[in-house]
Structure formats: structure tokens, C-alpha cells
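Look for subunit A in each of the two complexes below; its partner is subunit B in the first and subunit C in the second.
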Partner chain A sequence: MTEVKLAEESSLTDDFLGQLISVGEVDILVGVPTHNNAKTIGPILEAIQAGLLTFFPRERVAIINADGGSRDGTPGLVVNAAIGDARRSSKLYALRTLHSISTQYASSPASGTALRTILAAAELLRAKACAVISPESSQITSDWLAALLRPVYAETFDLVLPTYRRHRFDGILLTNLLYPMTRALYGLEIREPYASEYAFSGRLGNQFLAQNPWHEETARAGSEIQFTLAAIAGGYRICQSFLGTKEHVERHSADLVPAMRQTVGALFSSLEPNFSLWNTKTGSQPILTTGAEQEFTLDPLRINRKRLRDMFSTGVTELESVFRSILSVSTLAELQRISGLDEGHFRYSEELWVKTVYEFAAAYHKSVISRDHVIQALAPLFRGRAFTFLMENRDGSAGDVENNIEGLCLEFERMKPYLLEIWNGRE
Partner chain B sequence: MSLEQDVLWYKRAIIYQVHVRAFYDSNGDGVGDFPGLDQKLDYLVELGINTIWLMPFFPSPLRDDGYDIADYNSVHSSYGTLEDFRKFLGSAHQRQIRVIIEMVLNHTSDQHPWFQQSRSSQENPRRDWYVWSDTDTRYHEAGINFVDTEMSNWAWDPVSKSYYWHRFFSHQPDLNYDNPAVREEMWNVMKFWLELGVDGFRLDAVPYLVEREGTNCENLPETHAVIKELRRKLDGQFPGKMLLAEANQWPADLRPYFADGDEFHMAFHFPLMPRMFMGVKLEDRKPITEILQRTPEIPPSCQWCLFLRNHDELTLEMLTNIERDYMNDSYAQDKAMRLNLGIRRRLAPLLDNDRRRIELMNGILMSLPGTPSIYYGDEIGMGDNIKLGDRNGVRTPMQWGGGWNGGFSAADPEKLYAPLIQDPLYGFPAVNVFSQKKTQHSLLNWMGRLIAVRKTTGAFGSGSIEFLYPANHRILAYVRRLGDETILVVNNLSNAAQAVELDLRSYKGNIPIEMFGRNIFPRVGELPYLLTLGPYSFYWFRLRKI
Partner chain C sequence: MREMIISELTQAMQQFTRGFAHILPRIIVLVIVAFAGWVVSYFLRVLMRSILRLVKFDKLSESAGASQLLSKAALPSATELLSRFVFWVAWLGFILLGVSVLGVFGLQEQIAKFFLFLPRLFVALLTMFFGLLGAGFFSRAALLAAVNANLPSPRLLSVSIRTIIIVFVLSMVFEEVGVGEQTMLVAFGIAFGAVMLGLAIAFGIGGKDLAQQFLEKRFVHGRKDEGKQDELSPL
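For the complex of A and B:
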């Protein structure tokens, strides 16, 4: 492993600071958090280069890579994306130097630490507009850079979140929990509150960098969603831009709990500090969206539905004692009832799902058990809800899928008083 | 070394470009003249220049500021007499100042007797001295230089009822260099001035001398053959005299004009000039280093001539469309500042009268490989007047003082060939030689110091260049070497202070001595050499191993 030399009381290495000095002030900064992404990063960097040079040819730009200790040569590939007098591009014309620099942050791979590094670089370089691009977004095109950055750089938006063309069954956690709950709580119809691509203004980045606690837990879990929430809480101007197709990334079922920690955990943990922000909000408002709001594709997709339901039933049985400390009696009883139903009759209704989620959120707040255990315990129940979502939408059109998601959102909004009731209320 | 002994003098030259009409009026008729220029030679000596480049001073209808010549062997009556010129030349030589003059080979005025005879009849012996045609469709691949005023390179002559070829204004018919008589006569013209004692010629518009169907009529082998013939005659009969090419071309296309050291001694590096302005505006060395990387090696006896501004518009021809748009938006937001494919402004207004940027640009000019050329008035930061037509806004009278006509002329102001700059910022009461001479830190005195420091080493004029590529792209750094002399140049192209680490391991053990203040800096070691530079500042270090 490369030896990383940290300056005293700084999250930035001396070497990285030296590179930033060379980059100097920029207008636009693109951050790319990576960890062993050599297989996918090449075309993504090409798209970033092309996007910057096509849509922002006169601006001072830099690509900043925050790497979590890749062993596959990812940082080298990023550094090679620089265009200057010592390194030219055979395909692209650059009016001015395009810096592309890389740093390895000191902790183990964590998206929060990567974001913090990118934000620190953005502040030091006085970037007016910044974008973060996922190293896995292999379908990125140069247009994404314009769609994300223009509203910040050329208009006055502070946060630009993406909308995508997704498979109807991609991101079920997003469509069944993160989007509807964020929307119900904070009153804004943000489709991707936990975005892997987004753009933000220098002032929002600086504020988040300064005010976020950046302890180990937040570094690991969900700083992206906290970033979105910080923008909402701070009254910053938010919009959405349609980017295009977001490719489905196959994930092992064992990835669900870590993903829930990063997303649901972050969302739940945001409720306490932002209580005054969400407790009075009712309903929701759309936000300005450029391009399509959200598109669904209907291609066939093999999903082992039976396994989902089995894991749900097993979870309800095995975690009963845990659920007793989290869920209300009626909710647990209903879950136990449906877990005994056969596949043809099993249905985890919107109302029951929303009630479940809200009771978990309250339990998380009260720390009735370890908060991490609360998140882990939600995983099998989410699988049951995912099963129902798949069944209910397997023959539906894109419009049907959208209507069902909208229905769930409205259910989250309708039942929000229930969350408030149990937040500080009965055990 | 006497003037005659120094055959590579142009490598050590600091050129001062001046129009006699604009410099000093000795007889109060409102137009500068040779006796006036003669009187001001000591000013130029004090500034430190050692070569004067005179713009056309020949009899002319002055429809293109003298580039439309009607008689090659005389002096325009407004500027004095041939005898006045001879006296001025003697005075300059006495002060070790050489004089190069303009020679417009490509075309004459349509008032020149040669053209008048040529158009008079098809049978006239001079008919074939110009390029005539029954149609206006020949050489259609050739571009139009003055796109703002000319629709075609052919013009209809009602006298001879045929078309004549002109690559510039229609009142400037091109000479026919396929005709040996033309070549011989133009050599005779050059010989006339060489025998009077001039030290060289700036040959105007050289790429266009010969036309051939199916080409863009630029840089043709036949044109090179004409130049080679002139050079051979020059070397044979007038050794030590110099030819300077005006060829607004890409470096690769310019390179053939040096040939094997047997065409031009010097050529203007046109593509570099706008990129220097672009580099400073972008705060990025990339445009400058890239064009110099693309600049081919030239024979040892040859030299580039570098300039920031001259009598023409700041030409943007040698730029890509993206670069040209950027330059126009950056330096000529007012469309009245644009002319043809260029920007008709002087140095100081281009740089927002920012003393730091003016100094930086001159510092780069004086330290890159080549011979620098200073446009008259830029040494005091003169302004321009874009309300005057064509390029006349950068050709206004020299501002000598704050009094009557800026000290340029005793004539009534309305008799001046052009109005003086009068605006509060650049006008002659604010910007003039007299007041700047009295101020130790004026731009004029700073320019004198810069030139004096440049002249302390031959490395700038004749040395090699090695670019350093520090990670900080705002820093333009290079090492100039000649023999035992090593000069390190570090320029900050940015509006903000910068830190830079230079890889100077090849110079380990050397002590950098700053050339202006002669202060010693820390010895170069194995580690990257850290320097900090203020906004738009630059250092010239002599590296000494003591």
C-alpha cells in the first residue's frame, strides 16, 4: 500500500495539497470517488473530458479523484486523463490545461470520506460548480456533464440531482423507501435523494464541509443523502436533470444490508437533527426538472422472487424477539399473518409497509436496540415488500409502475402523522 | 565590434518599429519627417534599442498607409527628401543603430507608373508586369486577406477592360513575379537602398508573390525561388545585410522561408503572438508552449522575430475558431475593435493598462528565442483610437509631452495627419515621454532597464531553450543557454500569487542570481526548487556555479 503522508490535523495529504496548488483556482471541478474501478473508469473519464471540453471549453476545470486504496491502477488511469502541454489528447481539443489529479485518502474505502476529500479540494480551489460522477456509471455520455453542471454554473441552482431511465425493477429500495419517505418528510419530490451523480454549488459544498460532523459513521454511511438533506435544510435551490439510462448493476443479496446502512441508516439518522424541518411539513411539492422526470424500461429481468419471500418469512420468524422491541403489536401480528400466506396470496400492502418503515424510524430514533441492528432487521421485511412490488408490477406498463410508486408516496405522506405520533410517544 | 564586422547582428537586435510620419514633425506641417526622426535618435539610444524598422516612406497615394507605393526610389515629400533620409541614416549608424526599411515586393499602388503603363494597352512592354486575366475565376482557391473590404482577389480595370489580380486592396495590383523583368527591377530597387546604406529589409506579404492554378497561391516553390534569387544577390553584393519576412503562416509553413539559411535571415513568428495574449488571459502556459513545441528548428544563422504589437491589427488568422472566438470575446468585446480577422488595438489598452501585465508580456517577449520588436509608443503605454478607420487607430502621433500637440508637432492641431490620443487615460497629457522620463519607475524607464538587462547576455538572442513543465500550469518556465551562460526564466501568467516547484536537478549546485536586482537566491539542490511569484510577476535568473 502506498504510504500516505498526512499534514498535521488535515484530511489532505501533503502530496495532494501540492497537486491542488498546481491546479489553482478553478471554475468547475468534477469529483470521481473510486475504489478498484479500473474496468469501468476509462470510458467514464473520456465522457467527463469530452463533456468539460465541449460544454465548458473556456472554463478552468479539474478532475479530482478520491481513491479508497485501489490496487488495480485506477488512480493512474485518472491521472492520465489530464490534458496539457506535457500531455495531449489525440481526440479532444483543449483551449487550456485540464488537470486530472488523484489522491488516496487515509481511511478504508468510504463514500463519505471520498466526498469530504472532494469537497475540501473544491473549497481550496474555489470551485464555482462541482459534479460528482460515479465510477460505475458506464453509460455516461458527455451530455451528463452539461445536464448536471449548467444549472449550477450558468443559473443559480445549488444542487442538481439526477433522474434516469431505469429498469422498473432497478432501485426498489429507492422507489419503495428512500424516495417516498424523503418526499413525505421533507416535502420535495426528489427522485434520487441518494444520488451517485450530482452537481452542487461551491457555497453548498463549503457549507456541508464545514457543518457536517464527518465522524467515522457518517464517513461510511450515506453522506450523499445527508448532502441532499443539508441542501433542503439550508433552503438551497434544488433542481433535477434527466441524464439518460442508468444501467442496472447486479448486486449480491448480501449487499443489501450494507446498502441499507448507507441509505436508510443515513435517512433515519437525519431525522433527529432535522426534526424541526420535517415535523410541520405536509404534502409535497414537485421541483424543477429538466428533461424527463423519470423513465422506466420494461425489459425482462430475472429476479428470484421466491427467494425474496422465503427470506422475508424466515426473517419474520427468526427475528420475532427483535421485532417485538421495534414494531407495534398490530404491525408485527400482521407481518406474521402474511408471512404464512402462500405466494399467490402474499401481499405486503403499502399501508403496512409505510407503518413498518415509520415504526423502524421511531425505533432507530429511540435506540430501542443497537441502531445498526434496527437497520439489519429491516432488510428481510424490505425483501417482502420488494416481492410484492415485483408481483404487482410484473405485467404493468411504465405508467402503471409510476402510478404505483406515486400511490406509495401518497401513503407515506398520508401516514406521516403516525410517525409524529410514535416519534416521542408510546413505546 | 563595428557594424560591418557583426554579420549576425540581427540576433542581437532590439528592433523599434516606427513610422516616420508618426514620430516627430520637425517643420511644423503636421506630419512627421526624417529630420524629426533624426532629432529623436538619442531618445532611442537611451531606450536601448539598436535597430529601427521604418514603415513605408515612399511616394504613395497613402490609401494603405504607404503600403501602396507609387515610386520605390524616392521619399514621400511629406517626410522629407532623399537627402534627409541619407542624413538620418548616417546619424543612426553613428549611434550604432541599424536601419531596416519596408520593401513591398508583392504589389504596387495602382498609381505607380508601372501599373499605369501596364493597363494602358495589351501591347505595352509593362503589360506583363502585373497579373491580368479576361475572367475573374482563375486562382479561385486563394483566400481573401481583407475580408471586410474586398469581395474578390480580382478587380475589373475599365481602362484595359480586363481583370487584375490583387491579394490585398483592389488599389494594390500584384506584380507578376513570373516575369524576369519584374524580378530584376525589384532587385534594382533593393540595390538602390542598399547602396544608400540601409541594413536590411522587411519584405512585406512574401507568401503571395507567385500564383499558380489549383493552389491557394501561398508559399509556392516558385515564390521561394524568387526569394532565393534575391538572397543570393544580397549576399553576393551586400554581405551583412538582412532580410526579414512578413509571412503570417503556421510555423511549419514558415520554416521553408529559412530554407537552408539561404532565403530569409529572420521571419516574424505570427502564431506565437496571439497565443501570448491568450496565455495571459487564460492564465495558462499551454497555448504558448504548444506553439513553440510546434515550431521547427531553424538554421543556426536564422532567427525568429517576436513582437507583441505592430502597425496592423493583432492578427488572429493563425488560431482555431475556438481560440479566435475566445480572443475576440476577451480582447475585443466592442466589435469596433475588430478588423478583418484581428483586433486593432495597442498593447496597453489590450492589457487594460495593467502595468503588471504589460511588464510580464514584455518580459516574455524579451526572453523567448528570437529578436524582439517594439512598436513605437508601446514603451510608454500609448493608447489607441478605434474611431479612426482601418488600422489608423494604432498609428497616431507619438506622445512626447503634455503640451501643444503632445510635443509631436508645432502645427495647428487640425493639420496633424491624425489626431492625437486625447482620452483621460491614454491621452498625451497623461501618457508622454517627458513625464515618464522624470519618473524613475515609469514604464519607459522600466522598459529601458528591461532592454539593458536583456543585453547583458547573448543567451536570449542566440541561446537554446528548454521548457520546464511544472505541474502549475500558470507558470511558464524555461531555461535559455548559450555557451557557459544559463538563464532561468519563470513567468507567472496569473492574476494571483503562485507557488511553483521546478525540477532543476540538472542545474544542481548552481546559485540563481536574479538579473534585475542581482540578488542571490538559495542554491539549487536535489529537491524541487520552490519559488513563489506575485501576480503577473517574472524572474530572470542567471545560474552560476561558483
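For the complex of A and C:
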């Protein structure tokens, strides 16, 4: 009877619920959302197990794999990754049972539903601290578990976000939009508001599980960034931990729009419910960070700059009718001017970029056209900004890249009154 | 003779007076109904205008592309146009109701036909509006997708989609109002078939390399990841 009631309430399958009930309660839960990650999941699970055995040997622990319909046997690998292997290889001993459970939440991947499954499992198992680990982080070490979970489990933090050693041109959407805009709006210097690895307290997880409107597409699509914003809005204690090197993940050009939907779309949609929180904030405050705040590697990386530049110009020309509904006359005129410049003279300035982003945010709020179209229309402009970022930092040191990002953050903060002005201003 | 003429005239005059006396109250009723109808229609117009402004109908019409069409035709805004339409339909309805009181032979049938036609007209207008809305939405979606996928001639693709949807909607509208039903259907079939055949031939002759590239990129193993290493990693 209880099982049926839980299944109805939590949307977890009966089989998964049965397995969770047989586990009982845990102190720590590690969630691994997967989809066709058979190539990388093995070493990641080993690192997780080694981390748990090394740093939390006395705690009751469960690893939950939320799978989005893998066809390469990923869930089987998770379930069969016996703790004994980790013990033999690392000569570590757990004093408690380490459970490993896998469930398929859907036949196709959806990061929001995966997070919801992990949160529901954490609530049911009454986990005090939870961590989510990306199945793509092949450079994970056992130390990551300690860096993420200790501030929650041993201290009183509610959310631990990562900082990494990244290539200077990795995560350009983070460095040029998500980080500066989140910082300017919410006043906290969170380097990775859209984190692929993070840890959180049971109370934050439970609150987010109960309050996030999971039935809405935007809430499901960008749940990772929504989670960070919910922690900020709820006044929870947040800190950052330096984890190590984040490997460069190669992408298709077509991956940009889904990435923007998940992150920029979620950030824009959060502005309405949190208006009272961000409209009065000025400036920004650093948050407690264990280890380095951010490190950059300077290895050469092949990026097709010409394609970025060309796609920007094509976008400005072809989408003029769309931009007329979103951008102000002066911003559009300036974009058209720079799109005609040759590669050597082309520069998408910080001020123009911030103005563009704020006008897009206001257009998204006012739904001048379909909100999804607003996000899609930003993609070619982002390519133009990315081109400028690449050119400006082509020969720069790690310090120069950091200064460049800091300058952009300050520009976002300086121009925040402009966003407020257009937020409720002209139609 | 003279008496006969006078008698006939008197009789005709009496007949006219009787007829006039018979129809005068009906004319008065017609005027009252028309006046009351005007008041009610005016009220409906104001109400309609307020509702449409409240739901930001002009914005919706702008995003559908209907506003641009209206301004090109020197017509007022969509809200104003729809409010006026409601006013005239309602008032005309009242006037026709009043006219039916006159009892003119054959008019009753025409009035009944008019009232039967009104729902079809309304459905046709609704189809037209939502058709334009759909055409605007899907053509913009195609434009954005084509630009972000770096496809050649995105605007041509977008305009083609808009045109096809509008032609399709117009054929539905004409069918609904019953104007040249068969002609429109045949014309649409011929035009649509011709366009598709033209596109197929054009693509076959001019775009065979593009098609080959596309198919190879999509299905030939090993070439799928081409260009991947050159792309930035946004997150």
C-alpha cells in the first residue's frame, strides 16, 4: 500500500522503489545520470567507489544510476561494478554496505527527469548529503568526492559547486554569458552555475524536488541551473570546490542550440519568478572557494574561427526580421555594421554583447515571439561574441583570459540598470 | 365618368392609406429594432475591443504577420478591424431581423440564408487568422533552424514554407465560404503539384552535389564526425 502510494507520488517505478526500500536509509547518495556512456562509466564508477571508501568508510552510501534508455549496456555496467573490485585495487575497506542501483527513467535522455529521479531517491533514502557526477568526466579522481561532499556532510553547506582547470576556450557560453549574467543579477560570483558535478544537502534537494514545476518543459530542460538559482533564491549556504581538470568535450555545431535552451533558456525563465530577488541587487560578492577559483590551460586547440564569423554574419543578415522584434534599433544597427567588417577589424564589444543579451532577456520576458525562437535567435550572435573572445585571447596568458572575463562580468553589472529599464519598459 | 374616376382614386387612396397604416407600425418596429441593434452592436464593439486589447491581440496578429498585411492594405489594426466586424455583423443582423417584420415576400428566405452563412464566414475568418499565425510561426522556425544549421538560402526556405501554408489556408478558406469550391481545389492541386515537381527537378539538377554531401554526412560512417573537432565547446 505504501509502495503504491509512493509510486503515485514520486513517479518512480515500482521495481526501483522496491530496491530503494530494501536499502533503507543512507547518509550519502551519489547520483550518476547516464545515456550510452559504456565507454567512460567504468573508470568513473571506480573513482566514485574509491572516493567513498577512502573518505566516507563509516557512512551508509548508495550509488543511484538514472539512465535515459542506454542501448550499450551502461546500466548493467553500473550494477555489476562490484565494490570488491575497488577494494582489491585500492586496498580500501568499507565498514558499511555500498549499494548500487540502476533505473531507467525514460526511453530517451532528459537531464531534468534524471535529476528528479535522483532527488526522489535521495528523499526516500533520507540522504543527508548527495552528489551528482557526470558520466562524461573521465578525468575524475577519488578526491572529487571529498571535495564535493565534505562541505555538505561535515560542514553546514547546502550546495557545493565545482571549479575546474579548463582550457581557456572551453565553456565559452559559461564564461561569456551564464557566469557574468548570473553574477550580475544575483550578486554571487558562482563560476559554474550550470554544473555537471555538484553536491547538495538533503534539505535543499527535498525543497527543490517539491517546488520545481517539473511538468513545465523549461523547468525540466534546465534543471541544473534552476537548482543553483533555487539555492540562491532560498538563501541556502553555497560554496565552491576546485576539482581538477575538466576534459574538453568535442561538440557538433548543432549542439549549441540545445545547450542554449538548457542553460540560457532556463536562466531567462528564472528571471520572472525571481524578479524581487535580483532587481534590488547591485555589485557582486565572492563565495567561499576551496582551492583555486578557476584555472586555465593554454594548449593549442583547433577551432574553426572562420565558420563562427560567417555564421554570425549570415545570422545577422538572414534573421533581420526576427531581430527587429527583439532588439532595439541602435543595437540592431550596430550588429549590422560589425557584421560587414572584415575578420581583422571585427569586434563584438563587451558593451554591445551585454546590451544584446539584456534585450534578449527582456524580449523573452515579454514573449515578443515564441520564447524558444528568442533563444534560437541568440545562437548566431553568440558565435560572433565567441569569435571576438577567441581573437582577444588568442595569445593571452591565463591571467589575461581571467581579466577579460572579469571585465565582461563588470560590464554586465554596470549595465544592469539597462535591463531593469527595458524589463517593464517599451513593448 | 368623372364620378367613376373619383371613386377609383378614392378607393386607391384608401387602399394606399390602409396599406401605409398597415406597414407604418412595422416600419416603426424596424427603426426601433435597428436603433436598439445599433446600441447593442456598439456595446459589443467596445466590449470586443477591450477584450482584444486585454489579450494583446495586436501583438499576436503582429507575430502572425497579419498586421503587416493589414498595414500594407491601409487597413486599421487587427483589434480595430475585428471590433468593427463584430459591430457590423451584429447591426446587420438586427436590421435584417427588423426587415423580416415587414413581411416582404422572398426576403425571409434571403435573411435565413444570411444567418446560415454567418457561422461559415466566422469559421473562414478564424481559419485565415490561425493559418497566418501558423505560417508565421513555422516559417520563422524554419528560418532559425536553417541559419543555425548553416544551410544555404535560409530565407528562401522560410518564404517557401510560408507561401505553401498560406496557399493551403486560402484554399481552405475559399472552400469554407463556398467561393469557387471546385475551381479552388483543382487550382490548388495543380499549383501545389507543379511547385513540388519543380522543386524536385531543380534539386535533382542543381542540388545533386548538395544532396550527395548531405547523405554522405548523414549516413556514411566515418564522415559523420567531420568538422566536429573544429567546433567550440559551449559548456
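Here is the rule we use: the second predicted complex is superposed on the first by the 400 of 427 C-alpha atoms of A that agree within 3 Å, B and C clash if a C-alpha of one lies under 4 Å from a C-alpha of the other, contacts with A are read in each partner's own complex, and residues count from 1 in each chain.
Note that a residue touches a chain if its C-beta (ideal position, glycine included) is under 8 Å from a C-beta of that chain, and two chains touch if they have at least 3 such contacts.
Model, not experiment: these values are computed from the prediction.
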Message: Clash or fit: subunit B against subunit C, after overlaying the two structures on subunit A?
response: fit
Task: Pick one for A:311: touches subunit B only (first), subunit C only (second), both, or neither.
output: second
- request: Considering only the touch criterion stated at the top, classify A:263 as touching first (subunit B), second (subunit C), both, or neither.
  value: second
Message: According to the stated criteria, A:297 is in contact with first (subunit B), second (subunit C), both, or neither; which is it?
response: neither
Message: I'd like to know which partner A:99 touches here: subunit B for first, subunit C for second, both or neither.
response: first
Task: Please indicate which partner A:206 is in contact with in the superposed arrangement: first for subunit B, second for subunit C, both, or neither.
output: neither
Query: Where does A:107 make contact in the superposed view: on subunit B (first), on subunit C (second), on both, or on neither?
result: neither
Message: Between subunit B and subunit C, whom does A:18 touch in the aligned arrangement: first, second, both, or neither?
response: first
Query: Comparing subunit C with subunit B, which touches more residues belonging to subunit A?
result: C
- request: Pick out the closest CA atoms of subunit B and subunit C after fitting on chain A and give their distance in Å.
  value: 39
Task: Provide the residue numbers of subunit B that touch subunit A in the complex, in ascending order.
output: 282-287, 289-290, 293, 320, 322-323, 326, 467, 469-474, 494, 496, 498-501
- request: Show which residues of subunit A lie in contact with subunit C when the two form their complex.
  value: 169-174, 194, 196, 248-257, 259-260, 263, 302-304, 307-308, 310-311, 314-315, 318-319, 322, 325, 368-370, 373, 376-377, 379-380, 382, 386, 390, 427
Message: For the complex, give me every residue of subunit C touching subunit A.
response: 59, 62-63, 137, 140-141, 143-150, 154-155, 227-235
Statement: Per the touch rule, the subunit A residues reaching subunit B in their complex are 18-19, 21-22, 24-25, 57-58, 60, 84-86, 93-97, 99
